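Quick one: this structure, given as structure tokens, is what I'll be asking you about.
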Amino acid sequence: MIIVMRGDVALGSEAVQEVVRLASRYEGVETQVRTIEGATRSLTEVYLLGSTATVPREPFEEMVGVERVIRVRAKYRAIGRHEGEAMEVGFVYNGIKFSQDTFHLMPGLCAVDSRESVDATFRVLKSLGISTTRAGAYKPRTSPYDFQGYGKVCLPYVFELAGKYGISVIAMEVTHESHVREILDALEASGNATGVMLQIGTRNAQNFELLKAVGQQSRLPVLYKRGMGITLDESLNACEYIASSGNHRIVFCLRGMKTNLGDPHRNFVDFSHVPVVRRLTRLPVCVDPSHAVGKRFVGPDGLEDILQVAAQGVITGANAVLADMHPSPAEALCDGPQALLPNELEHFIRDMELVRKAYLDRVELRRRMLGALAPLGGRASG
Amino acid sequence: MIIVMRGDVALGSEAVQEVVRLASRYEGVETQVRTIEGATRSLTEVYLLGSTATVPREPFEEMVGVERVIRVRAKYRAIGRHEGEAMEVGFVYNGIKFSQDTFHLMPGLCAVDSRESVDATFRVLKSLGISTTRAGAYKPRTSPYDFQGYGKVCLPYVFELAGKYGISVIAMEVTHESHVREILDALEASGNATGVMLQIGTRNAQNFELLKAVGQQSRLPVLYKRGMGITLDESLNACEYIASSGNHRIVFCLRGMKTNLGDPHRNFVDFSHVPVVRRLTRLPVCVDPSHAVGKRFVGPDGLEDILQVAAQGVITGANAVLADMHPSPAEALCDGPQALLPNELEHFIRDMELVRKAYLDRVELRRRMLGALAPLGGRASG
Amino acid sequence: MIIVMRGDVALGSEAVQEVVRLASRYEGVETQVRTIEGATRSLTEVYLLGSTATVPREPFEEMVGVERVIRVRAKYRAIGRHEGEAMEVGFVYNGIKFSQDTFHLMPGLCAVDSRESVDATFRVLKSLGISTTRAGAYKPRTSPYDFQGYGKVCLPYVFELAGKYGISVIAMEVTHESHVREILDALEASGNATGVMLQIGTRNAQNFELLKAVGQQSRLPVLYKRGMGITLDESLNACEYIASSGNHRIVFCLRGMKTNLGDPHRNFVDFSHVPVVRRLTRLPVCVDPSHAVGKRFVGPDGLEDILQVAAQGVITGANAVLADMHPSPAEALCDGPQALLPNELEHFIRDMELVRKAYLDRVELRRRMLGALAPLGGRASG
Amino acid sequence: MIIVMRGDVALGSEAVQEVVRLASRYEGVETQVRTIEGATRSLTEVYLLGSTATVPREPFEEMVGVERVIRVRAKYRAIGRHEGEAMEVGFVYNGIKFSQDTFHLMPGLCAVDSRESVDATFRVLKSLGISTTRAGAYKPRTSPYDFQGYGKVCLPYVFELAGKYGISVIAMEVTHESHVREILDALEASGNATGVMLQIGTRNAQNFELLKAVGQQSRLPVLYKRGMGITLDESLNACEYIASSGNHRIVFCLRGMKTNLGDPHRNFVDFSHVPVVRRLTRLPVCVDPSHAVGKRFVGPDGLEDILQVAAQGVITGANAVLADMHPSPAEALCDGPQALLPNELEHFIRDMELVRKAYLDRVELRRRMLGALAPLGGRASG
């Protein structure tokens, strides 16, 4: 760990002495003070050597005269892409593989509203060869006076119908640890007719107790949605809570950031971070274009913004796409108009396949023109 | 509820028909379509009359051709400042009154690190006549590898020492509903030597399950910290979860927003919202200058930024001020340098009192120069 | 124009009377007050009819009791996509067509640093069949102590070499109206060996005097770069300054927004707005991936983030791509490492062509599966 | 200058060699490579020694393997508060002193709309003993179709009336360098009846050509308004353009930042930066509460938000307060309702004086309780 002092702090000053004194209170830590003379000023640094892994950064950061604290160690210990680990590491759940090399479309119901619409939705998915979906039973809402989802009451028929139509994985948000138990029980009662990927919503992105809870079980994988008002770094650290609790089967999902700079979309679409997450971690990356855009807009080329931003994720290597759909929007009491229609769903699937193929062609073109990849850490990283 | 159609949607268009059809599916709701002719264009609106309280807004917002949905009803049903309710409504807890008319300083330990520092802290507070404080036992941290607080282990001595030094209320963050039970048990074991105000941290600002949990008990009041990346409106709606669950004893705390526009402060100080929260709700308003500023900076006038922004809250009517302090920062392993020292604490208290008096003088000056207040809703609101 | 009153303002209240009085002071404007009774409250609106085009919105917006002012008229009068104008309207400059249907790559020098590098750059472009580029002579810099570009001194050789290598259009930033004259003079002196597209940088996005200056001449088209800290709506309004001054030959360029939510990229990439600008206006849309990303990062698939975000623009219909390149980065004193190398340039071109083709295939797929486009305004807009 | 390499870059790697090679191309620069061994990884740095003042930072920042570039030199060369310069440096203009120790109220017309309102405004100001004001002749507007101000046409009567009522300084926005000439001419024609402080608006905060233009003259001081979407650091650097061009008579004005996190205020009030600017620079600091809040809101204590946020600036040492007022808002076609009324103006003045006195009392209290100030750089800075 390196403590960089402010430019105006001299080598022998009290501020430097204080840093050294504090550092010396940690067992097994040695310090070394270095100074560098510039043309008009000098810069001083205190180096902490030895067992610095458990030395906290904050006490130094907050000291008078300290400019910055640099920790010389790997970030994202559990989920990060470290040297010598260039190979992707995914997982297989209920027969479906998720990794940085796979690609899945997960259209489905934002909120379960009736057995009929679940049946119709799954039937359409089956007819189009889709076995991964989403279905919301527990719905966190901004206002306590809005519909909060049917909860565990709907689980039996959702799972039964999933089994009937060959759905293997359902992404389903949980907002309390008890929901995990309810889901596991209902799955068992259904004879494990299907599988569930526990979704952590953006409002719970730093609900560390919930993250630890889904991390401490290993039966179900987790779809983690990035926090809408925190940095990417903070969201990745939050994922570390899941992984460090024992569950490494995580999919990281981008869903847009909360700032009016993204208007007229509901959120500022952040799918430019698809390659970033793929580089910084070994997690498969998902995008949620429906919640990012939030409304249906059609361009002069006939393409909806929801498909357009989905394509932006896929052309850069996204491994999964969530999308709201509804078998009969006119009868849905909620989210109907935002949902894709069955005939649009087929177009959505073909469009995404077209773009996925273009992405794979891009990777091949790169290999052909620029040669084999340098070993990671060679050319760059970031 | 009023559905405002986009400017290019004609009275007889399909889009309007769809809105009407959807509206008619809600029981007890009548619709009325109105159009207004401008010079060059026209505007159409669909009015929903009758039992619209349970009609959701989203299905309409997401429809093609809909510009905006206006709900004609009061906001913040439980915590809001509504007509005929101009009088402030506070609460008394453990002998201390909290309302929009009271003023309390709550300096204390960000994190409990030892019995000794708790003892020394409370002793200093007693010597300065302070009986409200903060003390962190459960600490949510960005990284799972950082110190997470001593949890329930430290509660017995914290409460015992609080009793010894006459501390009446301790603000203490909880990150899981089980912490409420632990705190209640420890309080009882201490012979109710003191009182605890449950603090909801910014990372859990939309952890609705936790909000409902602290709302469903009424033994302990709640200090709700605003979410750092969501709008004020969303944070106030989150408070509605607490209040609508049954617990109206809430203090709303501002602590800065997460955006680099606030650099070099850790957060963008948002204490300009003190008068806004006081106007929109009946909740007492607290400010946390330590976490807003995040570091000690001293100005050319000798005043630290932490005191300066605290003064900004108080000069506009803030009802409480949290502040990190430590009896011996040089021995603290965490947050030491950010904390106020004992001799600074006395200055902090006198400074805040000076500013509080200036605020009260401002209110009196206004009354003298501009006369009695118009009844709310008369002159304005917001 | 419609003045929507706050929910608590009654029909006969003073606030409504004030709105009516103010409105009546505008000639040719009639008012009509309407109220709607909800279940528990009522809502009142004042409609301004007649010659409201010149009635300002602010005086009403700022009145006590006013919730919102809605203007019933088309936005973006000059550049907008209005009904009956669904056909794209582009322009031809120096033999090159720019429209929402064309596609151009514009790699080039961020800053002109020597005749040699300009010569080498243009030679490479010619060898790859590129005749559109960028070259910076006037460089606005955050600090006055940084290199500010060679200005008009370099124009003669830049234009001469452009002519030699068949470059037809050079995007070149101007920061003062006098630069337009300097460029026109130098172009003439070169025998109009090439053409220049005047670039308005993000720091001047609301420098209305400069916008009017480039709008009042019609010899040179304009590449307008979106403001980095204002909404899209405000940037489009700024374009109206150019167009309403007489020059409709505008290309709108996205280049990322300034917020730390986009970290680790220099800016938050905003190419999700490509379809938005194409829908709201008739302007061709350009993307600048080099300044959006700001640094070279290579993903596990070997693709650089700069190419990845460029692909995100192109897969959704972007009409042009700016990109920094340098013939010999090792010898460049500025921006070298960020620039593409000649061998990378060819890969960049092939990659962009691959993605452009995928976009065209997407449009064709949509037509085949969902049928011909509804006339604009039919299905939707935005 | 210090080039900090990424954690995974080894001492002998190609990346380090490239940095050294590039550095060696600058004359008079020597390099030194240092590495530090942590427990599990190592960190390498390249130190540039000698004549590094003109070595640009970007080429290194953009290199593969570079983590960060630290320049060891003073920031804000011209306006900054450097060691040994702890004394404030202000200026006197037209008999009025502006410094970090003075305090001025500058209520006035946002936009000049008629001779009558100017006359009435100045008359009120004189009656209340105010000789500093604001008056807008050149108005930049988001849309080109809105009122743009009367420009130079109104200058003669504005200056004549200022002379009549003893107004010494008028803050007046300029959006083009020609306006400076027009103002100087009109001042001369009026027999220098008053003085003008050139205001740079937030939209021109990085219009460097305009900044240089107002910096190259020294007749008139400058009121620089912070950019609404850039960091404080960037705005201070922009001020360096003015100062480094020759004009050090600058007042720095805070006016709120553009982000919806500040809702319901028009802008996110940033007056927490008052002490920051006072610490980082020697410039007097002004606040503009009218444009920050943007609308009139009255709290339950009868105080308007505009006065409340103004008080937040003043309680922390702000040296000036701009405020919109109008002698007869009911007759104003623009901004009337936002403006203070004459009777409110007196209350505004008394309120601000009360708060200014409280600030001075705070400084005295601090001196009394904590002793004389440590020499700058001693205790801290930031």
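Should a chain be cited, it is by its letter among A, B, C and D, assigned in written order, with residues numbered from 1 in that chain.
The definition used in the following text is that contacts are C-beta pairs under 8 Å (C-beta built on N, C-alpha and C of every residue); 3 or more make two chains touch, one makes a residue touch a chain.
This is a predicted model, so every value here is computed, not measured.
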B-C against B-D, pair bridged by the larger set of C-beta contacts: B-D
Taking each chain's C-alpha mean as its centre, the one farthest from subunit A: D
Distance from subunit D to subunit B - Cα centre to Cα centre, in angstrom: 31
Centre-to-centre distance between subunit C and subunit B (centres being mean Cα positions), rounded to whole Å: 40
Junction residues of subunit B - those touching two or more other chains: 64, 229, 259-260, 295-296, 379-381
Touching residues (chain side subunit A, partner subunit B) in the complex: 18, 21-22, 25, 56, 58-59, 61-64, 77, 140-147, 175-176, 203-204, 206-210, 227-230, 234, 237-238, 240-241, 244-245, 258, 294-296, 330, 332-338
Residues of subunit D that touch subunit A when the two form their complex: 1-2, 4, 6-8, 32, 34, 36-43, 47, 49-53, 64-65, 70, 72-74, 83, 259-260, 377, 379-381
Complex contacts: residues of subunit B adjacent to subunit D: 81, 86, 88, 100, 229, 231-233, 257, 259-265, 268-272, 274-276, 278-279, 292-293, 295-303, 305, 308-309, 311-312, 315-317, 343-344, 346-347, 350-351, 354-355, 358, 361-363, 365-367, 369-370, 373, 376, 379-382
